[in-house]
């Protein structure tokens, strides 16, 4: 992975403006649509089983985020995931709170059995659960708490690799440092800011950015690392102007919108391991 | 339509503080409630078939926005729309993504058959579909993409007039320039800012403002044009203070909240055609 | 209630970072999660009947907000409320729009019959309805309208006391001045800012803050008063930096996040009556 290769992904998103279909939770629907737009892609939200397959067919990537699961959203996710696999567009999974309740765990298990995911993005406790190391997450923003912080860097990278191997996918464990694994490959991203833990849905937004980048890229490992670096740099730039989590969120969209290749080149801390 | 006539609508909204009932999509529920408040009206969100008719009876306008359609929301919209017609309050339709899936198209067709709308607000591709010129929209913010930009001004005004005629309603095609048509009447609004295309739900917010203005006005053609001019001027004022889409959204509510008759008189670019 | 006693509650929230389970309306899900985080607690949103009992068992407080009621959310609320009572964690009710429709009224009646609430937070018209003084609320933000403003201070405190007595709970009537009652006890909080009436969901956010504070406190009367004072002071600090409701909302999260004991001690206007 050449530096220039992933620097080009952002540019490609902006040029091609891919349509990204999101089935996501009600808490973050607005902000994940906005971060998608800010990075230059076009979001569409559709969840009804009656229409998701048709919408997927027009999109270039699909996000499945299980944050506020329900019986109807389960059905919509399964339909959309299968349709996306059939169309050959990448599907990105955000298994919010997997392991916290049987309902979420069964939903994720079913999705993983029925749908081939290009990328799974989660925090350390959720990803640890998928890797077969059951730990209870705490809240929807568990980046900021619980296992997320407790896990050592070694554990986090090991968890990412285990999930990548187990599901034949790209696995991104995000937190203070992000680890991105694909079978046989590993990268680390050291960008971001602590204020990301004080705003709800910042993990879900990372997933949305990954989907936007992966929609235009040939290599989901590269696009996921590129997305997390770009998102992390935008967060750093936003934090410089923020007085707290409320203004930080507003500036995050501003920074993503005007992020330049030079800013990325200068600030991105992406390491192949 | 005298200039002073539509200038007075904003004042009337603030004085009468009409209750506006919204049945809308989960992506924009928060921001459409906030833009309703910012312009001086009072929003209420209620979607359950069990209660919508009773809520409509207390409101002075109803918004039906099909952005994230589902079987239960379909039923709620039909109940509410019929009740609003019975009460004689104006109903405003936002046919988000009509033509993109059969489910949305059938829902809009059913709504148009069962409910008399005072106003329909959409972008060029959605309105083109309603006018019988099928084009596929791209994403929920298709103002910024696809047919929306491709359509010439002439096409856009023609589409507005065709929908106005076909459904006996006011039809507003929004985009870089807005065209407002009623049977035999046509107006153009040249206000707004490009940042509106970088924030999700700015079209849905325009629809909410139209509903607030139409609730207090005698003439839906006048109130729709007045709403789009006021909203566009607020967007221009917000853009002057914004560093990107995140701060733009915050300033948009500020600008709407403190918009004065003088600012409107000075900046509104409303032309009768 | 010593001044220092309630000053300590905020500190305790930040130290213990309690998990707060919210079942709330789609309009405010994002901002109530964010205000929970800003004050130092951890939000989790889960609504499906299939999982709420299991989620409640991991939480330290539960919020039931009926803002956009539906048949499935009714079931989830009942399950979660009963489970919370069984676990012995406090449940906080926000009866948005009770009295406005039969559906809401029946839902609230059922919840009050089946669940023991630690705190009920509402505006004067909603609380008046619960006290047996039926008045129709106007919109979801009726703080800014209708009975909310019309009720005299004496009426408001009387209503709070009536609900506290009737349901054996802490009852908080919020508005320009907040009245907090428990059987035999009454307090008043004079903090806040008019901009709270120009943003949707500011009442719902107050409820969320009460839940976060009550999760860590022994005395729900103290924690409710402390929460409303802290929230009101944050609103005052935010208003000093705001240019209107949009920037006010962003600054509200900033102010809550960085609120110090000194700021609270200096500005809180909490009176035992």
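Residue numbering begins at 1 within each chain, and the chains themselves are lettered A, B and C in the order written.
One rule holds for everything that comes next: a residue touches a chain if its C-beta (ideal position, glycine included) is under 8 Å from a C-beta of that chain, and two chains touch if they have at least 3 such contacts.
Bear in mind that the values here come from a model prediction, so they are computed numbers and not experimental data.
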Remove subunit B from consideration and name each group of chains that's still held together by touch. one piece
Fraction-based call for subunit B against subunit A, same above half, different below: different
Distance from the mean Cα position of subunit B to that of subunit A, given in whole angstrom: 32
Touching two or more other chains in subunit B are residues 26, 30, 249-250
So in the complex, which bits of subunit A are touching subunit C? 25-28, 30-31, 67-71, 97, 100-104, 136, 138-142, 144-145, 198-201, 242-247, 249-250
Report the residues of subunit A in contact with subunit B in the complex, numbered from low to high. 17, 19, 26, 29-30, 33-34, 37-38, 42-48, 50-51, 54-55, 58, 72, 241, 249-258
